[in-house]
Structure formats: structure tokens, C-alpha cells
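Some structures are shown below for you to check.
Two complexes, one shared chain (chain A), two partners (chain B, chain C).
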Partner chain A sequence: MKFSVIIDALPYLLGAAVTTIWVSLLGVLLGQVIGVAVCVARQSGGRAADMAGGVYVSFFRGVPLLIQLLLIYYMLPLIGIDVPPLVASIAALGLASGAYVSEIYRGALNAVPHGQSEAALALGFPGRSIWARILLPQAFRISVPALVNELILLLKASSLISVVGVAELTRTSQTISASNYRPLEIYLAAGLIYLAINGALALFGTLVERRLQQA
Partner chain B sequence: MTAVSQTATPPRSSAAGDAVPMVSIRGVGKSFGTNEVLRDIDLTVNRSEVVCLIGPSGSGKSTLLRCINFLEVYDRGEIRIEGKLVGYTEDAPRRRLSNRDLRDLRRNVGMVFQQFNLWPHMTALENVAEALVQVRGMDKAAAAAHARRMLDRVGLAAKADSYPARLSGGQQQRVAIARVIAMEPHLMLFDEPTSALDPELVGEVLQVMRDLAADGMTMVVVTHEMGFAANVADKVAFLDRGRIAAFGTPREVFHGSMEPRVQQFLQTYHERNSF
Partner chain C sequence: MLDLALLVQYGPALLRGFGVTILCWGAGCLIGMVLGFVLMLLRQLPVKPLRWIIRAYIEVIRGTPFLIQLFLLYSGGPSIGLRLEATTAGILGLGLYGSAYFAEIFRAGYQAVPKGQVEAALSLGMSYGSILRRVIVPAMLVSTIPAIVNMMAILTKETVVLSIITVPELMYEMQTMAAETFATFETILGMALFYWLLVEVVSRLGRRLEARVTRFLTHASPQGSSTETATARA
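Right after this comes the complex of A and B.
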């Protein structure tokens, strides 16, 4: 073990970690949007919407993320959409995450008592207000622990996008260790950086939960 | 049915609209599968009247109440609020009302639930103000000011910034009542408003309801509080197995009814509440 190797590589690794973080963040945001939309559509959009949502969820939960990523990466050019690897990666992460998030919200909505929306209905609320003001805020609160879990899983899963050549933390570690022949030090450093990021996410999750509990 | 005719003329002012009853229920029936939960219900509620629905559990009183604002769909007969048919269009094979029309109808009908159904992620004030913003389209500041006055009316101005979890059951139910009266409904429906409360908290909620009745609010109340029914109600309807088995003034139903089921029900009630 030579720690000087790590210190030399650290600026590059940290730079790559920033890419990991914002790719994951965009993936999570996309996943949230897709997840909420799919969940709401399945609950209130009638049978066709429910079935379409069901197919979406079972595909993106049932196929390994790596395969999904490669499919998106190689398939889109075939139908004339030429996307940079970064965009394909964010799309893959978001689509996969959306499937899980929609199920998280579905579970959380089941935990919101029926009387909550009934009170709003009786007052004459339009449907979208019931979703936006009554159901989703409560579902979100219930979901926070599961969503933080999902966030951490997604950040780790983002290491898969190294295969399409995005210079994130894992890919950069591979590149550096291939040139300095010090894989152990470099992957150890990369592992610790992942650990630190996820530790911070978990802490953030705890703070959000505590904040929401005060209400 | 102990036929106690509605001879008592409702109080009338000169306003022409007063001739139309607040609620008119004619021949209403409802089934869950093969189970007939409401059969041929007739009931009229006039303006400013308080009508209590009493009866054993499973007799259909909550279902009937929930049909009035169409939270529950009735299959047969018709329910009218201020002359407007509830839940259906007026054309011959009747169709379900659009969501928009249903919302317009529900705006004028407030409902208070057994489990309060306050929104736990909002303060007492926000609970009351929310519908003013979402349904009435008031701006936030005006809604908050109006909500504060409503909380004051139920004696909870000091709790405006408390979340429901920090309130007693009685206080929660008073907030729920404030949430409804803020919308200035023409009619209020109460679904066992005190059944989920500890006995010492029942009084404060009943007091608020008495005040509303005294102010002339039209109220339909499903309740097990016979004292409230006896003292506050103008009319009492006793339901049994989906029918109105007795109807009249509290005196007529509680003391005059020969209907054995009414007698039996009251007997059980007295036994349970004496020691």
C-alpha cells in the first residue's frame, strides 16, 4: 500500500465523484417525476393507464439495470435518436428509479387513511388539489425512509454507467489504475468516497425525517 | 313505520325559496350486492331544522347520511338538496353527474366525520384555510384571516398553529367543524361526531353543535347521544334494517312510539347509561 498514490489520484477521483453525484441526482429527480406520474396515473387514470404502468414497472424492475442501460444506449441510435452516453445514462437511471419510486408511493398511499381524501371531496376539492395538497404530501412523508434507501441504491448503481464510457467515479478509477498499476489503492479510495457520499445522504435523510416529524 | 305526519309547519319567512325543503329524500334505496342497506327511505329536512338519525349499528343511518352528499351512491329514488337532484342528471335515463357538478353541489354541504379526518400535515389554521383557497379561490391571506375567525367561533383561536396530533379529540373535532363552517354551507351533515371521543370530551363538541343549531344551521346528525337528540333535534328518525321505523319530534319518538324496536333500542340505551 502506498498512500501517496491515493493522494496523487485524489483530485481526479473527487472530480469524478462530482460527476457521479450530479448524474445520480438528475437520475433521482427524473425517477421522482416518472414515479409520481406513473403512480397517480395507475391510481386514477383508469384501466388502460393502470395496465401500461404495470408493464412499465415490471420491465424496469425485472431487467438488470446494466442491460437496460445497454439497450437504451444501443437502441436509441437505431430509431434515429443519437444521444451522448451521459444522457442515455441519466435516462436509464431515471427510468429504473421511477419504477421503484412509483411502487414506494403506491405503498405509502395505501397507508393514508381513506377519510383524508373523503374530507377533501366533501368540501368540494377538485381531484388535482386532493392529489397535490392532501395525498402526495402525506405519501411523501411516509416514503422518506424508503426514498433515501432508493437514493443510496441509485448512487451505487450509477457505477454501472462506467460501461458506456461516462467518466464517473468507477470509470475514472479504472482509467487511473490501468495507468499506474495500483488498483488496490485506487479502488479503496473510490470505495471510501462512495461510502462518504452515502453516509452524507443517510444523514440528510435522518434530518428530513426528524424535521417532518416535528410537524 | 309509526306515521307521525309532518303537520308542524316549518318556520317561513317571506323569501320564496323557503318553500323548497333543504333536503328531500324520496323512495331512496341502496344495495351492496344482494344486501339491501336502505329501503324506500322518505325524509324531509326543512331549513334551519335539526334532524337526528338514530338506531342500532348496521341500520343504515351512516349510509343514508353519506348518500346525501353522494359520498355513497344510492341506486333508487331521489335525493334533492334545495331542489337540486343529488348525484344524477335530471334526464330520463339518469346519468351520473360530472365531477364538476358534483363539486358545485358539495360546496354547500358540509360534513363532519367520526374520525375527524383533519389533515395531519397542516396546522389547525391551515386545515381550515385550505378549502377556502382550493375550492373558493380565496387568496392565502384572506383565507387565513377568515380561518382564524372560524377557529375563534369554536373556541380554538389559541390553537391555530398547533398540528392535529397535538390536539385532544374534542379539539380536533371542533377544528373539523370550523373547517366546514368556514365554507358557509347551507346544510351540515354529522356522522357520529362524538363516537370516537373520550366521554369527558363529548360535551365541548355537542356545545359547538348546539350553538350552530341556535344560529339556524340546518343539520342532519347521525348520533348515539340521545340527550342531544332529545334536547336539540326538531325531528328524530329511527332507522332499523334500512328503513325509517319511526319519525317525529323527539317527544313523539322517544315517548310516544309504540314501535317495539324503538322501545327495545331505548331500553338498551338506558341500561347501558345508568349505573
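Right after this comes the complex of A and C.
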């Protein structure tokens, strides 16, 4: 063990960690949008929408992320969309996350009392605003712990995008340890950085949860 | 689409790869469960430092990406004299990764066993070993089987990551095939469908096992609280 190796590499690792963080955040945001859309479509879009949503959820939860990532990475150029690996990676993370998020929201919606939407109907709310003003805000509040957990899972999963060459934390650790032959120190440092980010996220999640409970 | 002649040509390699996948998965699950169970038991001992160490171990494993753990084991290991073959490192990595999650699953199951049952067993003069074997573990099994099955399905998916440290499992063989034949997209699509099916099969078998175990335990202790747990969830 030589700690000076870690100190030397630290600026690069931290820079790469920033990439890891914003790629994961964009992935989670995309996942939120997709997840909410799929959840609403499955609940109120009729049978065909429910089935299509079911296949989407089953596929993206059943297939390993690495394969999804390669699939999207190689599929986009085939259908004429030439995007950098970074964009393909965010798309893959978002699609995978969307499947889990839609299930999180489905569970949360079940926890919102039935009387709520009935009362809104009785008051003459149109369908769309029942979703936007009554159901989704409450479902969001219920699902905050699960969503923070999802963010942590996605942050860990984002290490897989190193495979398509995105210079995030894992890829950068690989590059550095390949040049200084100190894999033990470098991967240890990378692991600690992941741990620190996840710890911060978990703390943030607890704070948000507490805040929402007061509201 | 994919040329069927290619499947004939690469069939044996893919089959061998699938064998390695199953081996890694099975051995990884086994190591993970045994180690997880031991960790859970050790955590019950009234030794504070031991608890902290186990807790730290679990947090570290659960807070870092599996890929980083594999790199640390496979590439970082030789620096401290731990030279492992890719497959061995893969199995060990999968086992260590799983152990942290299994330890938490078992802990939840352990805590869910009603205290009164343990106290009743103690007052009947049963030793801790036989309380564990005859009271705690059966009740734990009933309440944790869904979580165990879920974790095993997750580990099925994680085996794919082993290809990155060159374990010659199915994904690795598939990537070799894709690189040699240039039929990249078709191969990956085929692989996606295959893993989809595999994970689905693991989950279905798990659910059947769950029904089986639950039924058996319900019959074995008609008045025990394991029955309550089982019916409450069903």
C-alpha cells in the first residue's frame, strides 16, 4: 500500500466522480419521467397500454443492465441515431430506472386512499388534474424513500457504463491503475468515493423524508 | 437476422459459457447464503467491536458497485499476495457481494421470529443450538424465502458483470462470438431475450419453492406463529 499513489490520483478520481454523479442524476430524472408516464398509462390507458407497460417493466427488470446497455449502444446507430456513448448510457440508465420507478409509483398509488380520487371526482375535477393534483403528489411523498434508494442503486449501476468507454469513476480508475500498476490503491480509493457519495445520498434522503413528514 | 449456422458453430462455446454462468451463480449463492447466515449469527453476539466490524462490512459491500469489488479482488488482490484465477475471483466476488445482502435478509427474518417462541423453547430446556435449528431457522425460512428468491434472481443478473474480469461465462462467450462474426446487435438481442427468460425461470421456480416450503411448514406446526406469517402474507 502506498498512499501517495492515491493522493496523486485523487484530482482525476474526483473529477470522474462528478461525471458519475451527473450521469446518474440525469439517468434518474429520465427514469422519473418514463416511470411516471408508464405508471399513469398502465393505470388509465386501457388494456393495451397496460400490457405494453407490463412487457416494458418485465424486460427492463429481467434483463441484466450490462446487456441493456450494449443493446442500446449498438441499436441506436442501426436505426440511424448516431449518439456518443455518454448519451446512450444515460438513455440505458433512464430506461432501466424507469421500469423500477413505475413499479415504485404503482405501489405508492395503492397506498393513496381510494376516497381521495372519488372525492376529487365528486368535486368535478377532470381526470388529468386528479392525477396531477391529487394522486401523483401523494404518491411521490409516499415513495420518497424508495426513490432515494433507486438513486443509490443507479449510482452503483452507473459503474457499468465504463464498458462503453464513458470516462466516469470506474473507467478512470481502470485507466489510472493500468498506467501506474497500483490497482489495489486506486480501486480502494474509487470504492471509498462511491461509498461517500452513497452515504451523502442516504443522509439527504433522510432529511427530505423528515421534511416531507412535517409538511 | 442471425445466421443459424453461426449458432451451430458457436453452440458448444455458448453452452460451455452457460455452464460457467450456472456454476458461478450456484457457488456464489451458496457462499453468499452461508457467509450471510454466519454474519447474521455473529452479529447477535454481545460483542460490540464485532458488531461494528460486521456492520461496516455490510455497509461497504452494499455501498459500492459490484464491478469495483470485482476489480479490487481480481486486479488489486495480487498486490497483497492474493492471486486468483478469473473464475475463482468471480465466484468469490459474487459470494462476498451476496453475503452482505443475505446477512440483512436473515437479520430481518431473525428479528421477525416471535420472542415468545424462543422463550418457550428456553423454558422447555432446549439448548441454543437446537432452538436455532428447530425454532428460529424454520420460522425464518418462511418469512425470508421471497427475499432470498429475489436476491438469487438479482445474482443471476450480476453474473453477467463477471465477463468484464474475463470469466469465460455466457456473456463473455457471446461477446467473443459477436466480435468474431460482426453480428453484434443480433447476438446481444438474443442474449437479452435469453437472460430475460432465465431470470423469469429463476423467479418462477422460486415462487414454487416458496409455496412448497410454506405449505410444509404450515403442516408441521399447525398452531405455531409460522402459520400466521404464512397466511398473513398469502
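Keep this in mind: the second predicted complex is superposed on the first by the 215 of 215 C-alpha atoms of A that agree within 3 Å, B and C clash if a C-alpha of one lies under 4 Å from a C-alpha of the other, contacts with A are read in each partner's own complex, and residues count from 1 in each chain.
Keep this in mind: a residue touches a chain if its C-beta (ideal position, glycine included) is under 8 Å from a C-beta of that chain, and two chains touch if they have at least 3 such contacts.
Just so we're clear, the structure is a prediction, and the values are computed from it rather than from any experiment.
Judged by the touch definition given at the top, the superposed model places A:Phe125 against chain B, while chain C stays out of reach. Touch criterion not met for A:Gln32: it reaches neither chain B nor chain C. When the two complexes are overlaid on their common chain A, residue A:Thr172 makes contact with neither chain B nor chain C.
Taking chain B and chain C in turn and counting the residues of chain A each one touches, the greater count comes from C.
When the shared chain is aligned, no partner comes close enough to touch A:Ser102: not chain B, not chain C. Once chain A of one complex is fitted onto chain A of the other, the partner contacts of A:Gln138 are limited to chain B, with no touch recorded for chain C.
Residue contacts after overlaying the shared chain place A:Ser89 against neither chain B nor chain C.
Judged by the touch definition given at the top, the superposed model places A:Thr19 against neither chain B nor chain C. In the superposition on chain A, the residues of chain A contacted by chain B and by chain C do not overlap at all. Interface of chain A with chain B (complex): residues 113, 115-116, 118-127, 129, 133-134, 137-138, 141, 215.
Residues 59-60, 63-69, 71-72, 75-77, 79-80, 157-161, 163-164, 171, 184-185, 188-189, 191-192, 195-196, 199-200 of chain C are the ones touching chain A in the complex. Chain B meets chain A in the complex at residues 69, 71, 99, 103-104, 106-107, 109-111, 113, 115, 117-121, 130-131, 134-135, 163, 176, 179-180, 183.
Touching chain C in their complex are the following residues of chain A: 1, 58-59, 62-68, 70-71, 74-75, 78, 152, 156-160, 162-163, 170, 173-174, 177, 182-185, 187-188, 190-191, 194-195, 198-199.
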